Each structure stands twice: as C-alpha cells, then as structure tokens.
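Can you keep this structure in mind? I'll have questions shortly.
Think of it as A, B, C, D and E in the order they're written, each chain with its own count starting at 1.
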Amino acid sequence: ATVAACGDNTASTTDSSNESTSKSTPISGDFQGAGATSQQAAVEAWIAGFQGTNPNAKIAYNPTGSGAGVTTFLTGATAWAGSDKALSDDDIAKSKAVCASGQAFDVPVYISPIAIVFNLKGVSDAGKHINLDATTAAKIFDGKITTWNDPAIQDQNKDLKLPSTPITVVHRSDKSGTTQNFVSYFKDQAPDAWTYDLSENWPNEVGQGAKGTSGVISTVKQADGTIGYADFSQVGDLGTAAIKVGDSYNEISAEAGSKVIEDSKLDDTAKGENRVVVKINHATEAKGAYPIVLVSYDIVCPAYKDTKQAEFAKAWLTYVTSDEGQKAAQDAAGSAPLPSSLTSQISKSIEAIKTK
Amino acid sequence: MGQRIDVNHENIYYGDFLAVEDVNINIEANKVTAFIGPSGCGKSTVLRTLDRMHELIPGAHVEGEVLLEGKNLYDKDVDPVSVRRDVGMVFQRPNPFPTMSIRENVLAGVRLNNKHISKSDADDLVEWALRGANLWNEVKDRLDNPGIGLSGGQQQRLCIARAVAVHPQVVLMDEPCSALDPISTLAVEDLINELKDDYTIVIVTHNMQQAARIADYTAFFNLKAVGQPGHLEYFADTTTMFNNPQNAEAERYISGRFG
Amino acid sequence: MAEETKKKNLDGAPVIDFDKFRPTRSSEQYRKGKDIFMSGLIALAFVIACIPLVSVLWTTIVNGFKRLNLNFLTYNMTGVVGGNPTPSGGYGGVLHAIIGTLEITGGAMLISIPIGIMCAVYLVEYAHGGKLAMTVSLLVDVMSGIPSIVAGLFAFSMFTIVFGPGTINGFEGSVALSLLMLPTVVKSCEEMLKIVPNDLREASLALGVTKQRTITKIVLRTALPGIVSGCILAIARVIGETAPLLMTAGYIASTNFNLFAGQMTTLPVYVYQEYSKLSANCPANATAACVPTIPMERAWAAALVLIVVVLVLNLIGRLVAKIFAVKTER
Amino acid sequence: MSSQDKTALAPSGGKTADKVFRGVAYACGILILVVLAAVFLFLFFRAWPLIGGDQKANSDVISSFTGGKVSNFWGYVLPLLFGTVLISILALIIAFFVSIGIALFISHYAPKKVATGLSYVIDLLAAIPSVIYGLWGGLILVPAIYPFWNWVANHLGWFPLFAGPAANPQRTVATVAVVLAVMVLPIITSMSRDIFLQTPTLQQEAAYGLGATKWEMIKLAVIPFGRSGIVSASMLALGRALGETMAVLMILSPSVTGYSIKILQASQSNAIASNIAAQYPEANDLGVSVLIGTGLILFLITFIVNFVARKITEKAGA
Amino acid sequence: MGQRIDVNHENIYYGDFLAVEDVNINIEANKVTAFIGPSGCGKSTVLRTLDRMHELIPGAHVEGEVLLEGKNLYDKDVDPVSVRRDVGMVFQRPNPFPTMSIRENVLAGVRLNNKHISKSDADDLVEWALRGANLWNEVKDRLDNPGIGLSGGQQQRLCIARAVAVHPQVVLMDEPCSALDPISTLAVEDLINELKDDYTIVIVTHNMQQAARIADYTAFFNLKAVGQPGHLEYFADTTTMFNNPQNAEAERYISGRFG
C-alpha cells in the first residue's frame, strides 16, 4: 500500500517498454547513492526509468562528488557510489569491513566526452570549430601559447582567420574528475608540453578557475578569447575543438567518445575481483574517435548485509548498463554508450552480486 | 500598621569607594521621616539601602545593620524580594512601564506577583490608587492608554499610584515631587499625610518647606568635602530641626533656606 | 547675603573675551557647507547601495518569474528527466525544498532561540560583567565568526559519532544552522536587553516582584519587538545557508516530511544544485517541449521563492513586533 | 483600606521559579562554552593526523592539492589565510562607510514613512541568501563591472593594489569584495540604524540646543552613542565575510597558492572557506583533515579579529 | 545685550492635537521672565518654540510669529541652527554628553565654531562657566573624568555651564533647578541674576517662590480641562502677579501657594 507521495511527478512516464532485462519481482524500499556530479543527469534518467518497472523503489542520489561518494559508501550508508575514478587499493581494503563478504568493485556506467570549448568573436559565434593537436592544446592550457593567432594554432586552421585576441584559459577551480580525465590526455599524448603530476586539481595558475562545469561554461561565455573544457552535454552554443587523431581532426560527439573506449584495454593494475576498470587509450588512431573522455564508475559490493540492498544493487546495475539504460542516459545527459566490448565483462561482474 | 526601621553603623560602598559612613538612625513607624542635605551627600544612597535596592548596582555593598521591626534586612535568610514587597519605592524620575496601559501600570505590582484579583477589585484598586495620587480625574477616561503618553508630572503621579497600590509597610520616596507642579505636589503631600496612618514613610527632598510641612522627623546628611564619604550630620524631630537645630552645620544649611 | 554668594561664585574666574568665540561668517559658511556636504554624502551612500541591491532583486524577480507558477510550487523533482516536461505539464518544482527549508530552519529556531535568549539574559541580567560573562560574550563573538562550512562539518561528525556513520537527515542540518544562528540571537538580544532602561527593572523590583518575573514580564516584554527583529535577522542569516546543508541534510528529489530521517533538500541547496546542472540535454529527437535551459530557470525561480519565503517570515515578524510594540503614542 | 496582616519579610512565592530561571540562564551561558569547546575539539581531533599522523602521507596529500607546488601545511594555509583576510577587509571597507551613511539616512534624514519602507527593504536584503548573491555576482556583476575595473587598472594601475591588466572576465578579489560588501551591508546598516534610533532624545536636544547643525548633532550625540554598536555590527559583518563560502566559490577565480595583492587580476588569491567547499567533495580522508586544519586556522583568525575588536570597544566604552 | 522676544498669535500643534492656543507675549530684553502654571498646560511646549526646538518632534508645528528683536524666527530664510545658537537652552533632565569629559562637555558648544581654540582660552572658558554654575570647586580636580560620573545635581549644573559657555543672547531654562539641591539652586539663581545684565532669560518653574525671587515678569499658563489646549491666562510683572493679580484663575493658583 503506497500513499501517493507529496508532490511527486508520477514516475511511470518513461516511454520505455517494460519487457526487458528486469527481474520478475519488482524491487521495493528506500535506496541511496552518492558520488560523482558528472553522472547526475544520467542518474536522474535512470531513477525515472528504474522506477518505471519498480514503482515502489524510492531512490535518491546525492551528487556530493566522487570522493565524498566513495567515503560515504565505505561507511555503509549508501547502496552504491558513483565515481569518476576507479577505487584505490586503500579503498578496496577498507571495503572489506562494509561488504558482507568479498570486497567492493567498480564497473563503468557512464562515458562522456570532454569538450574543449571556446568563445572567440568571428569563430565560435559563427558556429565554426578549431582544430587542435594534443601538444598545441597542452601548450594553450599551460599558458605557453597566449594569443589566438599564434602560428601553432593558425597553422592547423588554415581556413580560419584568427584574431590576435589574448587567450584566457578557463579551468575548474574545484577538485574534479573532469580535470583529471582531461589532463591525463595531455599527459599521455603531449608529455613534453605537460609535465605536471596527474591530479584532480588544476595544476597551474594560468588563466581563471571556476567552480563546477557550470562555472566554467558561464565564465567562457562572459568574455571574448576564452577557452576551457567541460562535459560535452554542457557545451550549448559554444565553439568546440576538433582533436587530432592520427592524421585527421575529429569533432566531438557521443559516438566518437565511445570509439576510444572500444579501442581501450582494461587496466590490469586494478587489483581485485570483478573489477572492470578502463585504461583509456589516448593514443588511439581509430577512425572518428574523439580521445578526451571521462569514464565514470558505479561502485558496489558483491554481497550486502541487507539482501534487499543486494537485490537492488544487482537490478540497478543491470538496468543502468543495459542498452535501455544507456539510451536513457544518452538522451538525458548526452553521454556515449558503453561499447559492446565491455558489456560482457560488466554483466559477469554484476552476476557476482549475491542476492541470497 | 507601618513598621519601624533602625539603621545601625551602616557604611555604604560603591566598589571600594565609601559613599556613606556610619549612619545610625531610628525611623519611627507610622511617621514621615525626611532626608535633606546637599547634592551628593548620599541621601539617595542611604534610602536605597532600606529596601536593598542598592544591590542592583554591581559592587555596591553595605556594612552594618538595617532592622525592619527588629529583623535585620541583611540577614542571610532574608529574601530581598520580600523586603521590597514590604518596602515600596518611588523614584526621582518617573518610570512607568512603557508596554503597559495606565491601568496595567497601577496593577503591575499585584499582577506581576502572579496574584489574581477580580476585575471589580482591580477597578477599585486602580481608582483608589489614582485618586490618592490625584490623577484619577485626568486619566479616568483613558485608563487603557499607554502610561508613557502622559506628561512628566502625570507620569510621576502614576508611579506613585503604582507604588501605593501594593500596600507596602514602608514607602520610600526619592524626591518624588521634583517633577511635579504645585497642585500635584499638594495632592501627593496630602496622600503622604494620609498614608502615614498605615505606613512608615521616608522621603528624600530638596525642598525644605516640604520637609517642614510633612515630616515628623528630619535627617540632615552632609559631606565634609567632595570625594569624602557623606554622613548623617544631625537627626531630630522636624520642629527642632527647623526651629532650633542643635547642630551648627544643619543650622547653616537650613538658614540658607529659600525654597 | 546674595551679594556675597554672587561674588564668591565668580570670584577668581577668568575674564573671558567672548568675541573670540563668536562664529565668524566663514566658519558659519563652512559649517553650513559641511552639513550640506555630509547630507549629500549620506544620500549618496544610499543611492550607491541601491544600485547593487536593486539589481540583485530585479535580476531574481525577472529571471524567477519565468518559471514561477503553481505547478512549480506543488511538485517536487521526482521523475524529472533532462529538459522534458513532467506528466503534469511542468518541469519539476520546489515543494520538497520549501518543506525542507521550513522544517530545517524551524528546527534550528527551536534550538537556538530559547538558548540564545536565555544566554543573553544571563549576560545582561545576571552576570554583571564577571569573568565568566566576559568569556562567554567574547566566545559568542568568536562563534559568530564560525564559517558555515565548519558548522556543517561539526554537525556531520557529531551525528556520525552518535548515530553511526553516514547519517544524513534534516535535523542534522538544523543543528548545523543553530550553531550559526545562536551567536546572532545572543548578540541582538543582548543589545536589546541592554537598551531596556534600568529604571524599569528598578521600578519592578521595588514593587517586590521577583527577578524572574521582572525579566520575563518587564524586561523581555519591553525588548520584545527588538528581540523578534533580532531573531528574524538570525533566521535570515541561516535560511540561505548552502554549504553546511550540502553535507548534513543532503539532497533528494522527493518530498520528505520527516526531519529526523532521510535526506532533505532546502531551497538554497536546490538553487545551487540546479545552477550546477546549468543546462539539460535535449536529444536531437526531443519534442519542442524539451527546454535545455530549464535548470537555470528553476534555479532563479527557486531563488525567487526563497526571497518570498523570507519576505513572508519578515512580515510575520513585523506583525508580531507590531502587536507587542511598546506603545508610545497617546 | 483593607488591613494589612501580612508578616514582615514573609518568604515570597516564586522563589523556586526564580532559582530555576537563574539556573537555566547560567546553564545557557555556560552552554556557549561547551558548544564552542565541542566544535574546537572536533576540529582539532579531525585535524590531528596533520600533526600526529604520517608526515609523508600528509605532504603527499598537500602536494596533490597544489599540483606539487607546496607540500607542507603552513605553505598551504598561509596564502589562503592572506587571501581570506584581504577579501574580507576590502569588503568591510567598502561596506562600512556606505552602511553608516544609509543607517543615518534612515534614522535621521529620511521622512518617517520613507525610513520605515527603507528599513524594511534593508532587513529583507540582509536575508538574501549567499547563493543568490553568488548567482548574481557570477552571472550579472562579473561582466558588468569589467569596464569599471578596467578603467581603474588603466588609470590607477600605479597603485600596487590596482596593478593591471584587469582580468576579463572579472572573477577577481575586487569583484568578490564588492559582492561581499553588498552582502554584509544590510547587516551593518540594520544594526547601526537600530542603535542610532535609540540615541536618547535628550542628548540630541542638548546638541541642537548648543546651535549644532544636523551633522554636528550626529557627531556629538548619535555617533558616540552608537560607537560600540557600530563596532560590533562591523565585527559581525567581518565574521560573515571571513566565513563566506558560496558567493566566493561561485565568483572567484582562485589561486593555487601564493600571496598577491593584485586585486584586479584573476587567480591571485584564494579564501579558506570556499577552498574547503571546492576541495571537500573529492577529498579523501586525509585530505579532509587538511581542509579541516585550514578551517581551524580560519577559526583562530576570527578569534583574534574579534578579540582585538573587543579591546577596541572596551577602550571606547571606558 | 540681550534681545527681546515677541510672540504673536501662536498656536502650537503636536500633529493634529492643538497643545497650546493663541499665545501673545512680549518678553523684554535683559529681564527674567518666568512661566508658571499647572502640569500639562504647555509651558515647556511654548518655551521650546522660542528656539524652534519643537521642530525636532515629528509632526510638531507652529502657527503665528515669534519675533526675536523684530525678526520672525519662523521666516523662510531663517536657519534654525543660528536661532539655537543665539537662544540657548537648559533642560529639565540633565543631559551631559556621556562620552565626553567634564571639560569637553563645557567646550562642546564653542568647539562647533572654533575647532582650534588655544588650550589656555579653553581652560579659562571652562573655569568661567563652571564657576558660574557653582561646580568649579567640586570638579576642578577631575575635569577629564566623564560628565556622567557626576551626581544628578552636579550633572545639571554641568549642563548649565555648557549652555552659558556659548554666550547666547537669550537663555531658555525648563525647570533647571528641579533636580538641584538648595545650595546649587541658589548658585544658579545668582547666575541668572548675573546673566540678565547681558542676556534675556526665560525660565519655566514649578516653584513660585523661585519665580517671585528671580523673575521680572511672570506668565501664568492654564488649561481649561485635560485634553483642551493650554493658553496664556495672565501675564504681568512679577510684583503684580504675586501681590495683586488682576486675574481670578491666577489668584486662585497663586494663593494655593505652598512650595
């Protein structure tokens, strides 16, 4: 017997059919997750979709950030955590105390290309892209290239007339998975131009910092000559850079992001059972691939002290990683679908969740 | 019946400053005793120790005894609150409660002590007290107006009404008429005369005629020099004080009379 | 006799040449000029301050009105996906956040206003500037400097220790907010109690009224309008807090009435979360009803609601203050 | 008149109530100490790994915060502290004079009806949440104020504080200080207005009676009467500015580390509270300890500021 | 030389309430004029219109003329500030500036025009004014102490010193002695006697003896009933007023004399 909750928008609105993957017995109860902000839009869609088949499940996701999400998960207060980076060895060790048996594992659920966005009179407002290779981009973001008509940029964009406007780099001011995924591309592809340690913090004092993706986007919009990076879904009408892959410059798109993951291997340094951790192959030469992507994981236990939680976790991951779930995320957040190369790995891990 | 007060060897300090020194005085029951003396000699200070009001000033303290009908007010087991219920006080500056109407001001002493009185008793009490303070005719039509809407003189009379409304045993008055016009002063003096049948009255006044008119006994306080403690110079019945004082200082002070 | 005194009076007094002190034309001119100049400056200060203040209000009202409607006020955020409309025809709403704000702030009031008033009573009526009181009032000052985010961490850890790890609920937010409210309540009440003339306390005590009744019925009563407006200021100080609530009360899309269990969204957190989303995705095949800018529009609308909630609280406070006001007119 | 038959000095009713009330008041006074001690102990306890923990791990965490620039706690926190104080003091300076002006305008210049309306608006503004100021500052003020700061940088750039070139967008200390000034302005205004309105009429009449102009009356009677109120209002405002999180977080382009007074350039300074908010969500356990350590420093600095302010007030009062 | 004041057809309102009606009075230069009458009849109200102090009360306004040496104080081009400089005022309740020392209080008025007076001039002025108010001997050793540390009587004398220190043309006094002891009162009365050589004095007093002693002219204000406006009932030179009043009300009031 459910009392219609106050102010709820009737949840059974997803136009998706109910016949697919989900189990015969619907899940019910209160379930909580917390973690990466990047997943928020997707999770909203997933919750709506999941509740379509399990109307008595009340799910809340608190986008506190990956770090806080994992910390909370490790206290046992949440059923799952969303995180922009894979678990550390330390976290794995700690998880033994929380999981009923075994240790926590992570599976990729959300892949999103990271765009290099810019605002330049005469270029971005005319709807044009610019072409950049890894080294040039790294130099721009390191403050080594300071004007838009610098030969390094101009040479790659013969068809554009670039002004001498100074470049204002806009980066995240908060600790961010987006930042880490973004600069790891430079670190792999332009190690000479980008010498900083890999970190979730922006490492230099070039340009301006802004809080959150929303801060970066609004800052880029506020002045001429700005360049920044942001989740693809937030780009709006700003200009984006096409990135040099092999010999061609590939524009950003969800599918292009998927391609690089397809061309990537699992990270074999990630120790622990059931883990599916992607080592992004930034050096990909795959046709049409866009190499700067963010992979975000869901972290769960193989066994829970409360079987209800286990049932939920299993059903949740099953739905989220299904085609239907990925499609919902793509619509809601503009994310890239999980490549088929990963799905069997993922299903195997999900099967490991004990519900008895 | 009013009660007598005996003050024995009283020293009063403000912190370390000895404001008044060695006061000994016997205040008769059902009489009016007036305190006179130059400004700063400690009249108000002594008066306030008679109902322990000085204790509200941080650092102020008293040595010696003040006996109310033989019982020392400063004994350990005495509650200053009950002292003040028995010994009422009227102040130099009118201080009606600003949140209360005229009527509520008069009833404040009764009501604030959580006593319940019937409406008719309350009405009687209000009328009795206001008439006594010669204010009834001026305010009877606006008893529910705020007390601070009155003129200064009216406010002071309201305060007197408020003090007598609790029927204390002793009433202390610190220059109660200094803000009053002659007609109101006359009414208050009449009231004092009337009250002394039931209560003991102690009044500080600058107005020697007033003291001569209403007091049975008069205490003359003096001050050797500024910064020195004040002291009780001379205490006598009023006739003696004004006609034949046995004290040179008092005589000098009184013969400079003019008020 | 009179002659004598008169002589004695000004005997030895220096002779004063008062012409020296007469106002000169230029000094008068100068003073008048200065008076006008200062009046001008004061009016100017007012005008300068008006610019940003009007701008803040104007921006919020203009942007907020776009999405502020009954639907927005009567639904929460469950089932809202991307920029798509909900079955009710709206785009999600703030009902859950309004309820969360009222409950959490109400909880904070219940904790801090009684304690704050009693602490002010202690400081003004009982302590008489003793050592302990000096320390307390110094620490109240210090407390007013506690960054809100630290208050949040404090409440979070306290609940973690007492009720187990990962505890997040509305009351935890109330505790964090009350820590922030308390010093404001104490300080404004203290100021208001100090302003109550001592005459009134003496008048009451002299009537043989106990100290407790004097304080409650005369002092607090007289200071009431000031205390009410002080408490409103304190509520205003915390009703818009975001950072501490992010970690203590959390964020949830559905309505939660239970202050003591489950996460609760408040209006400022809602505003911040919607601002953080910035825009919603509308896939290529989406209908025209999909609004990509909806999160920012919701943020502004919620900001407007927040301002209106504050306005209503203010009105209530003023009404209370007026009913109990010290009547000075005849 | 009824006869009086009560005994002298009869124990009065309400004595217990009196005692209980007094006890509660004392308890609430002491509770302040307890709460503050609890907060302090908690912060200290959570920051303890910084002192008592593995120093290698500590410097690793701090390095990860600063991109390897700094690896010890003091090197991390002192620039933050400098930025916090710089921003707050600028905000207070901007707000102070304007607030006193408005307060006087309301209390002594504006006609009564206008004044009532104005005070109402001011009270309301005091209640506008910082997240709204953050929105407004970040989205409206930052682009709007650029021409002005640019002008300042071009014409007053010789003054170190205003050294150019002015950053565009203006997500700088200068802009944040303006926003914080707007935020604290209602606090100072409404408190000092209340005090100014309480100036005894007698004092004001005394000044007028001597032939004072309105401004002279204010100097003679209103300001001296309100002085301690003004100081405590300013302290409240400074406290709020020092601890402000969201508005700074949403507007300022912070530096990683380092000291700078170039308030018109971006990425020059950072503030403690907003830094905690920016780093906390993604920080690990030890990272949180570091952040709480910085919170503890902020706590101490507000302690010192308020302590000094107290001494000033006391001197003025004596 | 002092200046004369002529009040013609003056009505005074507090908002809509007509407090005082149709006052006509000629106040002679270099004389002392006393205002007497029952409480609430508007003495203070009229007094305050003589230097436009009533304008500080919101809603208070005046109809009619007040001529200071023939010049209407209420003319459009007249600055109330300069009116108040020429017409000084002493109030019923002492009001020294609480943050200032005794010395600074005395100098407050002079400093407004002369920012930089030499130390010796200032010292002389302070001494002159304080001696005039009979306060010098009591405070000369603590001129730098705060003014509010004094007793009530001392404070009032300090305020008188402050008012005379600016050397006004006319001095208005609203019951200046009501908080003073006889000795201080005597000193102030002497001061008034002395000041009238140079200034015009208007004094409100409840004390008819005081009026009789110091005033050259006396104005008797009255009030038909509470709530009705007050009015000037009778104006005469003091000898006539007290010995042979040509007005029945005034006679009734004065014969009830006792203060």
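Rule of thumb we're sticking to: a residue touches a chain if its C-beta (ideal position, glycine included) is under 8 Å from a C-beta of that chain, and two chains touch if they have at least 3 such contacts.
To keep track of the chains, here are their UniProt names: B, E = Phosphate ABC transporter ATP-binding protein; C = Phosphate transport system permease protein PstA; D = Phosphate transport system permease protein.
This structure is a prediction, so every number in the text was calculated from the model and none was measured.
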Neighbouring chains shared between chain A and chain C, ordered by label: D
Two chains joined by the most C-beta pairs in contact, as defined above: C-D
Chain with minimal offset from the mean of all protein Cα atoms: C
Centre-to-centre distance between chain D and chain A (centres being mean Cα positions), rounded to whole Å: 38
Mean-CA-position distance for chain E and chain D (Å): 47
Chain C and chain E, separation of their C-alpha mean positions in angstrom: 46
Junction residues of chain E - those touching two or more other chains: 81-82, 85, 93, 112, 166, 186
Junction residues of chain C - those touching two or more other chains: 31-32, 35, 208, 210-211, 213, 246-247, 275, 330
Overlap residues in chain A, where contacts from two or more other chains coincide: 37, 64, 68, 218
Touching pairs among all chains present in the structure: A-C, A-D, B-C, B-D, B-E, C-D, C-E, D-E
In the complex, chain D residues that touch chain C: 12, 14-15, 17-18, 20-22, 24-33, 35-36, 38-39, 42-43, 46, 97-102, 104-105, 109, 118, 120-121, 123-133, 135-136, 140-141, 178, 182, 185, 187, 189-191, 194-195, 198, 213-216, 218, 229, 232, 235-236, 238-240, 242-246, 250, 272-273, 276-277, 280, 292, 295, 298-299, 302-303, 305-307, 309-310
Chain D contact footprint on chain E (complex, rising order): 51, 53, 56, 58, 81-82, 84-86, 88-91, 93, 95-100, 108-109, 112, 159, 162-163, 166
Interface residues, chain E side, partner chain B - complex: 37-40, 92-93, 137-139, 151-154, 175, 178-186, 206-210, 213, 226, 253, 256-259
Chain D partner contacts - residues on chain A that touch it in the complex: 37, 64-68, 71, 168, 173-177, 196-197, 199-211, 215, 218-219, 222-224, 226
For the chain C and chain D complex, residues of the former touching the latter: 31-32, 34-35, 38-39, 41-46, 48-49, 52-53, 55-57, 59-60, 114-116, 118-119, 121-123, 125-127, 132-133, 135-136, 138-151, 153-154, 157-158, 179, 182, 184, 186-188, 191, 195, 208, 210-213, 215-216, 226, 229, 232-233, 235-237, 239-243, 246-247, 267-268, 271-272, 275, 299-300, 303, 306-307, 310-311, 313-314, 318
